[in-house]
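I've put the structures underneath this note.
One chain, chain A, links the two complexes that follow: it is found with chain B in the first and with chain C in the second.
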Partner chain A sequence: MSSFLVISIIIIYLAVIFYVAYWAEKNSKSKWVNNPYVYTLSLAVYCTAWTYYGSVGLAATSGLKFLTIYLGPIIIIPSWIILMRKIIRISKGNKISSLADFISLRYGNDRFLGALVTLICVFAIVPYISLQLKAISETFNVITNHNIGGNSIIDDTTFYIAILLAIFAAFFGTQHTDATERHKGIITAVALESVIKLVFFLAIGIYVTFYLFNGPVDIYNKASLLPDFKQQQSINGLEGGFNWFFLSLLSMIAIMLLPRQFQVTVVENEREKYLKKVTWLFPLYLLLFNIFVIFIAWGGNIIFQNQGVDADLFTLMLPLKNNHEFLALLVFLGGFSAAISMVVVSTLTLSTMLSNNLIIPYGFLSKYSKGESEQNSGSIKKIRRVSIFSLIIVAYFFYKYFTLDRSLVSIGLISFVIIAQLAPSFFGGLFWRRGSSKGSKYGIFVGFFVAIYTLVIPFAIDSQLITSSFVNEGLFGVNLLKPYELFGIQILEPVPHAFFWSLFLNIITYTITSVNIVGKYRERNFAEMFVDSSKYAALHENAYVWKGEAYVKDLRKVLTRFLGEKRTERALNLFYMKYDIDKNSPYADARLVNFSEKLLTGSIGSASSRILIASVVKEEEISLTEVLSILEETQKAKESNKELHERDKQKNEFLDTVAHELKTPITSIRALSEILLDNDDVDNLTKKKFLTSILKESERVSRLINNILDLEKLATGKEKLELKQHSIKKTIQKSIDAVTQFAENHRIYINSEGVNDAEIMYDDDRIQQVIINLLSNAIKFSNKEKGKVSIFTYINQNKIEVSVEDNGKGIGKEDLIYIFNKFYQAKNQTILKPVGSGLGLAISKQIIESHNGIIWAENRNPQGARLTFALPFKTNTI
Partner chain B sequence: MKKRHQQKLIVLSILLLCMFNIPILLIFNNSVTFMGFPLIYFYIFFVWIASIVISYIILKKYYE
Partner chain C sequence: MKKILIVDDEPNIVMSLEYLFKKENFEVFIARDGTEAIEIVENNIPDIILLDIMMPNVDGYQVLKHLKANNDLCEIKVIFLSAKNKISDIELGLQLGADKYISKPFSTKKLVKEVHKLLNKN
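This part shows the complex of A and B:
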């Protein structure tokens, strides 16, 4: 294919991608941009050109092993429902814009740690970006049939592509100064590219499997005749198993900690609930991507047997060899998509890290503390843009002037191992309060140097064809120091070997330092906030302990320098409203200090914002114990506040009901009295009727008031029970006598045959009150026609149970628990006039409980209700 | 989502970690072929698909 044609197609393709990104940025509220599918697809930036070409290469040369890179993510993703959600919540709560910010904030806004993490990431990822450029350039050469790319930069197409990508990333990546703003344009473009790369890869997979061969079985049969086949398609015993284990562990870390993954998963996350889709959809995406890999690899092995074709290029060579140039072009575009989305997202996130965690905190702070808001945000954006260009250009030169002669996979894995050095600090910081910044720094240093020693140096020696005895004989000829067999461990391959040693020593250093050196109070404060995020998230700004002197005026000035007059004003207004603080107070409290820090974090990184804010406030040192106790207090205050609020609400409801209950009888008393007073000519009969009503209603009022007083006395324990030995049978009989008249009025028969006798300590009057209450309730609710109420007892060694049954329609299932509440009257009563004051059962419950007994209600079969109370023989109440 | 249901997914994660590693993986690491394929590929992809289906069902049912 002519290179002119391919170049124009690339340009058209890039134009489309630019347009999509532009459109998404313009329509950032559209549902095409904000949905879980775009989010999930953007996560597929994990599948780079390395997946596209390298997986096939690895599958062709070493069989199964390529799967480990994807099995790690598959294993860890279900746990994201807790793990990733926690990370996302912390990041959103603290306006974290990158991995470096996350780690540096966790360890107390540590400036040096942020810079260290940034450097590690740059060191790991820049070669990885070079790798993508290399993939673009190689495949371009293959498809245009060039043997070698132009030697000078001017002739090299890849150079121009790199520049275009830098423009893309710089344009869409620095629209806002606040790096925590989502980059909708880039993400949408990446999602689109994820679709493209998957579709084209599936196309080539189907083509190889079903067009070039007759389905999977055919390929397998032919491939199994190849030498080494059996050995490749299996795990090499325990040794292979260990390598397999470490590689899947490595990819598990990579899916979470690669800077670009952190960017798309955490920073670009619009809504937490998108995780729901990701959890199953992303593994499905990876599955589709991997399902044809072995077939392409086997197909390539069969067709290019002994022809010396680079296995990494099988995907592209297979259609080319069969003269299907169009298909080859699609494959090329798929690989191109995979490469450029990785390049764009990686440079974007690295540039944020470089500006917010390295360049600004170490170089520009003093300048910013004097500048105006427009100058400052312009300058911040400029730093990021320059970073993006420099990163891509450095990556380009790295690719150009270092022979990256190894397969795609190996450089990628080296990046993984270096990034994995951040894992102990990251996950340790998430779950372990005591993990300290010193531990984190030392751990990263140690791990990094071990990784350099066991992997990067030998790899550089190999790939640059330097002659050295270092690899074969070890440092200074000491065999135990052989980089690939450190301390004589021979069973691991170089990458798992380096991964094991570096991470092992890293973790050991991190933990030992952390438990031996006491951290500063500030980092412990953040540790609490991260580890117990769900607890402290509710406290918002209160979760930050700070003591000292600060003025609103100073803080406002600093904020204005970065956010501008308007946004500062708006943010502060919101803040004042949220906490209900007096706007005119000149003093700032801990909450405002913390709030200001957070506001700035998005723009200049956590470390810089801390330094800037610290420069205008006077902070007093606090001891670690003080921090912890203050945190605990705020926590408790919050909880007890909630409780008070709840109690207040209950009391209000109670008062409402009481007022209502009092109002009804009083209104009618008043109305009737008014009539009697105004009309002298009321006849005697009516007068009598009215007066009877008035009397009845006033009785009702006084009963209600008595009940309320009763309840109050019982509830507060003001009234003492007169506990004496009594016969329960006698008490029951007395109660029955009291309601006999009432029962006869209702034509109801009270059956007390099941009552046995026992002597027990209780307050006779009170228990009578309870029984009378239960009996009169039962009478009221009994069947109107053939009403029957029975009372019986059940006595054993520990307690006496007294039950009252009726044969009415029973109690609604949903009411069973609530009928003992004050003023609770079952639903069906609201239409009718309520029977009784609504306090009877509440009082009964109170009485029984002060006897240390219990009372409950249940329904009988087939109809009726049974209310029972139980009194213990051994009562400890006074 | 209730804690109990979240923990189902965590259990799935742990299960996958075991299923995709030695020693369980070694059970399928032999020269037996299934429909003309190495058994181990079938095993891995089967577990993979099963994990997708299981997490889909759990989330569909319990995610609020």
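This part shows the complex of A and C:
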């Protein structure tokens, strides 16, 4: 195919991708941009050109081992529903914009640690980006049948592609100064590319399996005749098993800690619930991607047997050899998509780290603390843009001037191993309070150097074809120091070997240092917040312990330098509203200090924001125990606040109901009197009826008001009970007399045969009120046809029980405990609205309780309700 | 003769409304709760309904939802008459498709005026 044609297609393709990104950025609220599918597909940035070409290469030379790179993610992803949710919550809560920020914040805004993590990431990822450029360049040469275009950069298409990618990443990656803002454009483009690479890869898989061969069985039969076949397609016993295990573990770490994965999974996460979709859809994606790998590899091995074709290029060579140029072009575009999404997302996230965790905290802070907001945010964006370009250009030169002859897989795995050095600090920090910043730093250093010694140096020696005795004989000829067989371990292949030793020594160092050197209070504060994230998440700014002196004015000044006048004002207003703080107070409390720090974190990283804020406040040292006890107290205060809030809510509800209950009779009164007033021709009978109703409704209003006042007096203890010795039998009789008329109206007989007498201390009027109330309720609710109400007593040495029974429908099981609540009848819509204020039982309960008694309701068998109160003989109330 | 349905569980409010609209030459129907209201509406489609919200069993919102879901009934004019006067309650009522929301206690003259206004629109 002519290179002109391929270049044109690349340009058209890139234009489409740019347009999609542009559209998504403009329509960032659209449901096409915000959905779990786009999110899940963007995670597939994991599958790079390495997956596309390298997996096949690895499968062709070493059999099934390529699967380990996907097994790890498939195993770990279901646990994300808990694990990743925790990470996302912490990150969102603290405005974390990258992996470096996460680790540096966890260990107390450690500036050095953030920079260290950034450098490790750059070191690991830049060669990996080179690898993508190499893949683009090689496949471009294969498809255009072009021999590498000399050494001149001017002739190299890859150079221009790299520059275009840098422009893309810089344009869409630095729209906002706040790096925690989501990059919808880039993510949507990556999601689209994930679809494209999968579809085209499946296409070539189907093509090889079913077109070039007659299905999987056919390929298998033919491939099994090749030499080495058996040995390749097995795990290779226990030794191989160890290799598999460590490689899977390595990829498990990679899927979470590769900077680009952290970016798409955590920083770009719009909603936590998207994770649910990820847990099944993403493993499915990886599975689909891998179905045909082995068949393409076998197919290539069969067709190109002994022809010296690079196995990494089988995917492309198979259609080319059979003159299916169009298909080859699709494969090229798929691989191209895989490569460019990796390059764009990686440079974006690395540039954020470089600016927020290395360049700004070490070089620009003093400048920023004097600059204006527009200058500052312009400068921050400029730093990120320059970083993006520098990263891509460095990666380009790395690819151009170092012979990257080793297969795609090796460099990818080396960068995995280096990134894995962050795992102890990351996961340790997430689950272990004691993990300290010193432990983290030392651990990373040790792990990094072991990885360099056991993997990077020997790899560099091998690939640059330098002869050295180092690899075969060990450092200074010491056998135990052989880089591929450290301390005599021979069963592991180089990558798992390096991974095992570096991580092992890293963890040991991290743990021992952390146990022996206790972190500072600040670290421990963040440790608490990270490890117990669910407990402290609700506390927000309160979870951060700070003591000292700070002025709102100073904080405001710092914020304005980065956010501008308007945004600062808006943010502070929200803050004041949230915590209900007096706006005019000149002093800032711990919450405001923490809030300001968080606000800046998104723009300049956690370490810088910490330093800037610290420069305007006067901080006092606090001891660790103090931190812990303050945290505990805040937690408790929060809980009691909740209680207060609940009580407030109940009070409001109560007032609402009271208002409603008062309005109802007033409505009748108003309507009826208006009619009487407006119409002179109302006949006498109607007039009388209306006036009677008005009177009744007025009585209802006063009864309600009295009841409310009553309840209030009883509840607050304002009313003293008149406690005297009374005969309970007499009190009951008086109560029965009071409701006789009402009972007769309902044609109900009150049976009082079971009443016995006893003398006891109580307030006669109040207890009568209770009994009358229970009796009238029973009358109202008893059977309509054959209503029967009984009252009886049960007396023993300690107490008197008085029960009132009816034979009505009874009380719904779920209502039994609520009927003593105020206005329960009005709220509960399932029972008919009876006459009454809805406060009778609430008042009764209050009266009984102020006599130190209890009142309860139960249902009778077969039907009816029984309400009972018990009064103790020894009344302790005064 | 226009037909009006009064739905309220307070006998005295019903009494006053009944008098008021009989005098305005309406044929008046009365329901004590939502269930009754739906039964009446299905047998005898009124021109307008005065609907209380807080009622036992089926409340006013549910009655209105039922009306709006039914092709024959969705054209009936509905005025909510309720003691609930929080903005959220009113908004909910209007969102569900009520033509008017009048808070209790109400002025009888204004109510009559609103009823005529709604019915004369068409």
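List of remarks:
Heads up, the rule we're going with is that the second predicted complex is superposed on the first by the 643 of 878 C-alpha atoms of A that agree within 3 Å, B and C clash if a C-alpha of one lies under 4 Å from a C-alpha of the other, contacts with A are read in each partner's own complex, and residues count from 1 in each chain.
Here is the rule we go by: a residue touches a chain if its C-beta (ideal position, glycine included) is under 8 Å from a C-beta of that chain, and two chains touch if they have at least 3 such contacts.
The structure displayed is predicted, hence computed values, not measured ones.
Of the two partner chains placed by the overlay, neither chain B nor chain C lies in contact with A:Ile380. Within the superposed three-chain model, A:Phe245 lies in touch with chain B and out of touch with chain C [touch as defined at top]. When the two complexes are overlaid on their common chain A, residue A:Ile82 makes contact with chain B while staying clear of chain C. Of the two partner chains, chain C is the only one touched by A:Leu672; chain B is not. In the superposed model, A:His660 lies in contact with chain C only, and not with chain B. Of the two partner chains placed by superposition, A:Ile196 touches none, neither chain B nor chain C.
Using the contact criterion defined above for the overlaid structures, shared-chain residue A:Val345 touches neither chain B nor chain C, since it reaches no partner.
Once the two complexes are laid over each other on the shared chain, residue contacts for A:Ile90 go to neither chain B nor chain C. Contact with neither chain B nor chain C is seen for A:Ile772 once the two complexes are overlaid on the shared chain. In the complex of the two chains, the chain A residues touching chain B come out as 64, 67, 71, 74-79, 81-82, 216-217, 220-221, 230, 233-235, 237-238, 241-242, 244-245, 248, 273, 276, 279-280, 283-284, 287, 291, 294.
By the touch criterion given at the top, residues 9-10, 12-13, 15-17, 19-20, 23, 54-57, 59, 83-84, 86, 104-109 of chain C touch chain A in their complex. Those residues of chain B that touch chain A in the complex are listed here as 1, 6, 9-10, 12-13, 16-17, 20-23, 25-26, 29-31, 33, 35-38, 40-41, 44-45, 48-49, 51-53, 55-56, 59, 63.
For chain A in complex with chain C, the touching residues are 656, 659-660, 663-672, 674-675, 678-679, 686, 689-690, 693, 696-697, 826, 829-833.
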